[in-house]
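Residue numbering begins at 1 within each chain, and the chains themselves are lettered A, B and C in the order written.
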Amino acid sequence: MTTPHSHGAPATLDAEPAVPSWRLLATLGLAGALAGGMIVTVYGMTRPRIEAHRAALVESAIREVLKAPARWDTLYLVDGALTREVAAGTDARRLERAYFGFDDAGAFVGAAVTAGEPGFSDVISLIYGLEPTTGALLGMKVLGHKETPGLGDKIEQPAFTGQFDGLLTPLAGVKGSTGMPNDVQTITGATISSRTVIKIINNATERWQPLLQAYLRGGTE
Amino acid sequence: MSEHPPATFDDFLRGVWRENPVVVQMLGLCPALAVTNSVANGLAMSMATTFVLLGSNLLVASLKRVIPHEVRITSYVLIIATFVTIADLLLEATVPSVHKQLGPFVALIVVNCMILGRAEAFASRNTVSRSLLDALGTAAGFTVVLVLLSAVRELLGAGSLLGVDILGPQFEPWVIMVLPPGGFLTLGIGMLLIGWQAERQQRRTAAARAMEAA
Amino acid sequence: MSDLTWILISALLVNNFTLTLFLGLCPFFGVTGKVETAVRLGVANIAVMMITAVAVWFLNAFVLVEAPYLRIISFIVVIASLVQITEMAIKKISPALFRALGIYLPLITTNCAIFGLAIFQTNRGYGLLQGLAFALGAGLGLTLALALMASIRERLDLAEVPSLAKGFGISLIIASCLSLAFMGFAGLGAG
């Protein structure tokens, strides 16, 4: 890059005493250590609140889709089967999970699972409650989406989500009311978004129902 | 350049209008367009950016004699990334719903060229007090643009301001305004207005000069 | 549609990085004078994005498992170093390619599209293959947006633009139209 005419620029740089490379490394090391220290301190201070918020979010979603169970257990999916205990050494945060809800008498009411698939513009994710034996839904809540405001975002409004309570899977999307036990009325102007929600639940049920049933059979021994 | 010019009000004012980061220098466009679909989001992004800008200018100005010239950019980036992480954690701890709305765009403050630009162009060669004023001014200029943009977009796109319904139920929202094209369009029309104003002023001064000459 | 195809199509068209996520706007408005330049910058971006995707996947899977709060700081440092190393490697291996891409590589370091890729990839929990598909889609999408913008601006040089709209104003209005057109791709993934 150096041309004969550009001698001026390096000369002015040379005028300053060259900084030894150990000082450069030391500065960067110190800056990195300081940065790390500050971040870890703030993280320590904010962590309890952040974790409380996240837990509250999960809790309210489970309460909503399992119709306020008295308590629930978290089960993890390990090697194609549900298990209550995760073997030491595996990271539970990365495992898929199902929440088993129980009523006041301690009877099993249903399981909540999360699922997501591409919708109109991006992935729609939701959580829903399922009674594994009959395949009936307890409730549904949309967790995240990027659908069009005013049209596709109606999938998270009660007028749409309320329909799912008590329906039988597999669901079918229809226009207008038919009164059938597995019909969901799609939203006018947001057919793709509504159909995606139905598809997500059907696909997830197809996958989770056998797993949940298998666990329940094993658990009643 | 004198060694230590005192902090002046101009250090603040310059960033607000004459060297406005967004509409004059075209920096920080990504957050200016991505999160201005509602006033609440625009305000939250402005506050987070202000925090990072103040923090980075403060540290860069106070450490300017310690940081060797060769590794200055890397050090500035480290400083900025630290403040962005802190802002991200604080937002999630205090207002989780806003944090969810802004999503990945809080982390993206780190690549907002405006912040690195102020560190390199101003804080690295000026006093702490002047750098703080400069940060405040730049942040104010950024905030003004974001609030104006988000106000126009939310009002037309959702008929509301800060979530409060303004235009009533008979107003059919221009949904496109809160979608990505609306962001480009609103800023584009804003730039046209600024260009029109500048032209009018030029014509006026030219006319005044012609009068004087005559 | 398979998972990988959807990720690629989504990043390329439905959720185009530049036109719907506003990432990489600096080159989009700054380096789109000529189509050839724009495409070259885009190709350089694809390369850096693929490398970044692998690096970010590695960091997420093995280094940052216990310390997710150090993400922002480690991503930015790793990306900056990677771009430098890529630059040096290209210079050594293919001086011709370096001359073609060389001046664009430093520009990429401060490009928010690269960092955005890292953050989005992390937030969506993509694995290695998914990350690579995402990077390819995002890079192609950026290249497409740059090329479209550049070809329109080449035409614009011959058009009579009102003086008050010259420069940034008209570019934003064009970007708005392009973004509107890309909204037509919504719904491609569902079906």
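Throughout what follows, a contact is a pair of C-beta atoms (placed from the backbone, for glycine too) under 8 Å apart; a residue touches a chain by one contact, two chains touch by 3 or more.
Everything quoted here is computed from the prediction, not taken from an experiment.
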Inset, instruction - Tell me which chain's centre, taken as the mean of its C-alpha atoms, is farthest from chain C. - result: A
Inset, instruction - Could you tell me which chain's Cα centre is nearest to the average position of every protein Cα atom shown? - result: C
Inset, instruction - State the pair of chains with the top count of C-beta pairs in contact. - result: B-C
Legend entry - Cα-centroid distance, chain A relative to chain C, in whole angstrom: 26
Legend entry - chain A and chain B, separation of their C-alpha mean positions in angstrom: 32
Legend entry - Where chain B and chain C are represented by their mean Cα positions, the distance between them in whole Å: 23
Inset, instruction - Specify, in ascending order, the residues of chain B that touch 2 or more different other chains. - result: 74, 78, 81-82, 85, 89, 179
Inset, instruction - Note the residues in chain A that touch 2 or more other chains, in rising order. - result: 35, 39, 43, 148
Legend entry - Residues of chain C touching at least two other chains: 69-70, 73
Legend entry - Touching residues (chain side chain B, partner chain A) in the complex: 37, 66-71, 74-75, 78-79, 81-82, 85-86, 89-90, 92-94, 96, 157-158, 173, 175, 178-179
Legend entry - Complex contacts: residues of chain C adjacent to chain A: 1, 6, 10, 14-15, 65, 69-70, 73, 124, 186-187, 189-190
Legend entry - chain B residues touching chain C - in the complex, by the definition given at the top: 26, 29-30, 33-34, 74, 77-78, 81-82, 84-85, 88-89, 103-104, 107-108, 110-113, 116, 176, 179-185, 187-189, 191-192, 195-196, 198-199
Inset, instruction - Under the touch definition given earlier, write down the residues of chain C that touch chain B in their complex. - result: 19-23, 25-26, 29, 69-73, 76-77, 80, 110-112, 115-116, 119-120, 123, 163-166, 168-173, 175-177, 179-180, 183
Legend entry - Of all residues in chain A, those that touch chain B in their complex: 16, 19, 23-24, 27-28, 31-32, 34-35, 38-39, 42-43, 46, 49-50, 53, 57, 148-151
